[in-house]
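In the two complexes that follow, subunit A is the common piece, with subunit B as its partner first and subunit C second.
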Partner chain A sequence: MARFTRRALLGGGVAALGAAGLGAVGGGTAVASRIPEPIGARTVEIHGAHQAGIDTSAQSFASFVALDLADGIDRDGLVGIMRVWAEDARRLTTGMPALGDTEPELAVDPARLTVTVGYGPAVFDAAGLTDLRPAWLKPLPAFPIDRLEERWSGGDLLLQVCADDPVTVSHAVRTLTRSVRSLATVRWIQRGFRRAAGTRPDGTTMRNLMGQVDGTVNPVPHSPDFDRQVWNPGDPPWMAGGTSLVLRRIRMELDTWDELDRPARELAVGRRLSNGAPLTGSEEYDDADFEATDRFGIPVIPPESHVARARPRTGDEQFLRRGYNYDDQDGVGLLFAAYQVDVERQFVPVQQRLAEHDALNPWITPIGSAVFLLPPGFGPDGYPGDVLLGV
Partner chain B sequence: MKKTLLCTASVAVATALFATACGSETTTTSADAVVVADAWVKASDTGMTGAFAEIENTGSDDVHIVGASSPSSASTELHEMVSAEGTSMVMQEMGDGLVVPAGTTHTLAPGGDHLMLMDLAEPLRPGSTVSFTLEFADGSTEEFTAQVRDFAGAQEEYVPADGAAHDG
Partner chain C sequence: MARFTRRALLGGGVAALGAAGLGAVGGGTAVASRIPEPIGARTVEIHGAHQAGIDTSAQSFASFVALDLADGIDRDGLVGIMRVWAEDARRLTTGMPALGDTEPELAVDPARLTVTVGYGPAVFDAAGLTDLRPAWLKPLPAFPIDRLEERWSGGDLLLQVCADDPVTVSHAVRTLTRSVRSLATVRWIQRGFRRAAGTRPDGTTMRNLMGQVDGTVNPVPHSPDFDRQVWNPGDPPWMAGGTSLVLRRIRMELDTWDELDRPARELAVGRRLSNGAPLTGSEEYDDADFEATDRFGIPVIPPESHVARARPRTGDEQFLRRGYNYDDQDGVGLLFAAYQVDVERQFVPVQQRLAEHDALNPWITPIGSAVFLLPPGFGPDGYPGDVLLGV
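Right, the complex of A and B next:
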């Protein structure tokens, strides 16, 4: 078995990382448990200043669906898709069948269903609004660790469908995609899961399939940090309340990860596997002390560890992570989903730093990548992106 | 063709006539009693296409739908499904319109009764809205709107009065 000591990990001569101001190391308290109600009956309000499914407590199952627009589709066609999706979402998220639902019985358990719509770069061209497309709405720069596959990358439109029941998710995806199939076709579907609802208390940080507690440092919904990191304040005005999504399909090389013993695994990440505590602390939400050293003067949290490389170097480099595990015939990994106001300012510097060096890199491979703009929320008579498309 | 203004005037006249004729009694028209919900239309570029909805009669009298119209089509018919010679069901116009008994809901759905837009004035694409007017035997009319959606089914054959089959 390969053994890694802190000395061995430091042998690569990585320059000492400056102690730049860090900003709040996030950390929130777990959401208080609710009074129990049937999991299938729970609903999430989808109207409001923001689309649902972003500050919503992560449901157990998710399907991220990318679609390609039909040739020659114009702004009217785009608005048509949005109106159908808004109507489908209104019904399905409240446990009602969709219009013309051929499987109405599958709609009866909304199970906190949310439907979140995203725009790829092509939407702005199709709408005749190329000038309004934000500069960050484009594929990420190429990173040396990438092994991107077209079949998991790109897309003109996104549907992020989440619920605590996988049948609910499946029915919603079928409904949403078939009701507009003459205007948009499915490009890829990435399905993911967390613990089944009710298995762990609501708000428990998820574990990924390497067994790591994944998502501890994360802005808390409705906090000033969350608002600042995630919600566009209105620059430009039609984006007020919207955000962006970076979706990366990260394959885990578990056969070789299996060769690492537990201490080596913890050094690669910088957190304990037992409870997600930083190596300098004892509880999950303890602040990591990146300056702490052992009696030999060696940092307790290796500078190349994942948490040390990922931590923000400026107040900008923070964003919401709301990922899902995947496990299918192609392998096992993480649907890494990051939400931020500005992809280039907040996400790219962190991804760049991790790509340059991250002790975890030998065992993780990005095989898909897509960037979407998530329009602001909408009202009972509106649809996602109505302020932009304005019809 | 648009009949909206004419229909609105008809409702006003009908209501006034009933109020005068019945003295101190207030009578609801068929339109007053009917609630149309969950309306949708199958997307189509040309030709004919089906429209579907739930028609609820909340009143204490039966209502009799005798016709329908829409700006989106040169003509609109009420259709029912009947067995054809051989195996499959085909659709044909309801000869006597549609009666919705008091306190019941009649479902217009693929494979069953439905409205047929017989000759589309323009392509109907997903997400657009189609307006309809139902005409009742008592002269009242009810307007409603329906969302257009792609739909794989509702491809029944249509048999007009002359007996020749057409695809819906």
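Right, the complex of A and C next:
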């Protein structure tokens, strides 16, 4: 039953959310009448204690867009960008064209569109608030496995745009970047995908392009674990309800991965390919038993396997993952998106351990890296970061 | 009523197809019980008089993959490639992993997967059948508007892989290209998208990223027009039921397009942005009246507008369009895919006229071009082109 409850919560299907009264997903009428709402018409509430797109059940498509501030942008300029983005996002996420939308007919299908805004380190300097920048808001330490490329790294501002429709995402990204064109320029765009909406049952853990079930151990929205790992408790006060994003672009070496047989792959990961169960269990959500040994005394889950190395050593080393596959001219891989209160305390120790040793490392290479602060949610008159920049 | 019938046919929804007995879409049970079949479970029949993916109601995602033959590949080598692709496609399109599939768990959702195979000009030389190559199977003539890039042009073989799920497309492309790796290497991959399945009602004409309704004038599958324009009648006999594909990668200059106001855009296209109606009509499928003038005697649809210039001058100048949007590191645009019996008779005159003058030209630039022969359909023991290469 624990598993069922977890999956139902994780799933976040319209019916489940409606019944549980969780979140604010549009279309109460459709739920009431049991007619499924069309995928295009579904909406996610933009206002609240947290920005949307973090505890939102992952949409099928995501574009992560980094922008760099134009020279001379100060606090007023930042407030201007944020007000424009908030107003554009209010309209686009409800299926209305943005003000001055040049392709308004492409705005009709919100398809659970969310727009999540992030601040890079330079925002605090531009705003004259350098003293307030959290210690963790800086590039990650260099890891020996990294082969970082400038074109996928860094950035002053982030837009994370997610929806269940790729035209909606494309139009929203264009509209939001165009709206601030004189104030900030696009540094990089990373586009990712999961299964199409309606393909797999709600709550199914995604598979990455190596074929692995990816994201089983993840806090469940609206649980104490989630709240503790993801939402800043108010330290400093203006961050209450905010969080951080670490985005890593991880290239997969599929040609050599595909040379491994299935038992070798499962030993590298520590989980079964068939259903994601730990090698000591039979179902995806079974707890892994890192002490279990076979009749020769050899650990069933190898200590160098990915799950054994990634396993948190302290209660702090946990965070939310919400990754997306990529497959483009540049190669194939995973946009690994991790959300946590404190990057240094939660994310870095795990990444450090994996960089030192992880049986998967021969087939995964981080080629991009960026860290952003995701300000708290905002209200109908506010914008992302209004508690910091002042209203 | 003509419009309704047209849309119903174009739509190709499961229910419509089931009722009309057209095509072979899986899930008769679901239709019978009126429970919509999950998007992932839907299938399109691979065998028949024509290859699938041409008169198939356009799926949400398409990858067009060009490959070049390895040195020394002869007719036997070609037959080998085709047999492997046919066998892989038979399995993948029904939700089964390919033989030797390295990520079999990614094969579970066919999501209306189709695999359409094309022959480039070099296939006929490799097969020792140069004399049989149709006259139209060659690069298009150079057009003054072209700014073609080698990396998006040409190719010895084509795989057109379409499905309503992006993971399915990614996995199928990887599997099919991997299966023939020693025999043919990937030259380019062009990835496109439309609205997600379930977003818009079945049969809605797509919009491109300039915001235009794109593809209104298109033959309806299973109509005399479609059969005449698209399916080779048997000249030569081994092409009966086959067709051709012209794939043009058309970059859109959205920044300058967005500087135009709506009336100027509508005059450039000759159609309304709101619903795609011709400027002389009120509904999308109204016939355009190219003779109509306003009270000053000026044509309502400008003679230099896109629809006026594209309008067929003879009954021959017609073909099927089945395009996809692209939005990637390379820019934004349209993968313009045109299918016709004879490229020189049907496609080239229209393109020639548009290249000479089309009010849209300042905002659209062809940067890639390729022509392929799409062999007829095949049976359970056959492969694409078996009628040519011999079984």
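Simple rule for what comes next: the second predicted complex is superposed on the first by the 355 of 391 C-alpha atoms of A that agree within 3 Å, B and C clash if a C-alpha of one lies under 4 Å from a C-alpha of the other, contacts with A are read in each partner's own complex, and residues count from 1 in each chain.
One rule holds for everything that comes next: contacts are C-beta pairs under 8 Å (C-beta built on N, C-alpha and C of every residue); 3 or more make two chains touch, one makes a residue touch a chain.
Nothing here was measured: the structure is a model prediction, and the numbers come from that model.
In the superposed pair of complexes, A:Lys138 makes contact with neither subunit B nor subunit C.
Once the two complexes are overlaid on the shared chain, A:Asn325 sits against subunit C while remaining clear of subunit B. Once chain A of one complex is fitted onto chain A of the other, the partner contacts of A:Ile81 are limited to subunit B, with no touch recorded for subunit C.
Legend: residue contacts after superposition of the two complexes on their common chain; A:Pro166 is shown touching subunit C, with no touch to subunit B. Within the superposed three-chain model, A:Arg178 lies in touch with subunit B and with subunit C [touch as defined at top].
Look at A:His357: by the touch rule set out above, it reaches neither subunit B nor subunit C. Judged by the touch definition given at the top, the superposed model places A:Leu99 against subunit B, while subunit C stays out of reach.
In the superposed model, more residues of subunit A are touched by C than by the other of subunit B and subunit C.
In the superposition on chain A, A:Leu254 makes contact with subunit C only, while subunit B stays out of contact range. Shared contact residues of subunit A with subunit B and subunit C: 102, 178. Taken together, the subunit A residues at the contact with subunit B in this complex read 76-77, 79-84, 87, 99-100, 102, 178-183. Taken together, the subunit B residues at the contact with subunit A in this complex read 38-40, 42-43, 52, 109-110, 125-128, 147-153. Touching subunit A in their complex are the following residues of subunit C: 38-40, 60-61, 102-106, 109, 111, 164-167, 170-171, 174, 178, 189, 191, 193-200, 207, 209-211, 254, 257-258, 273-274, 325, 327-330, 332.
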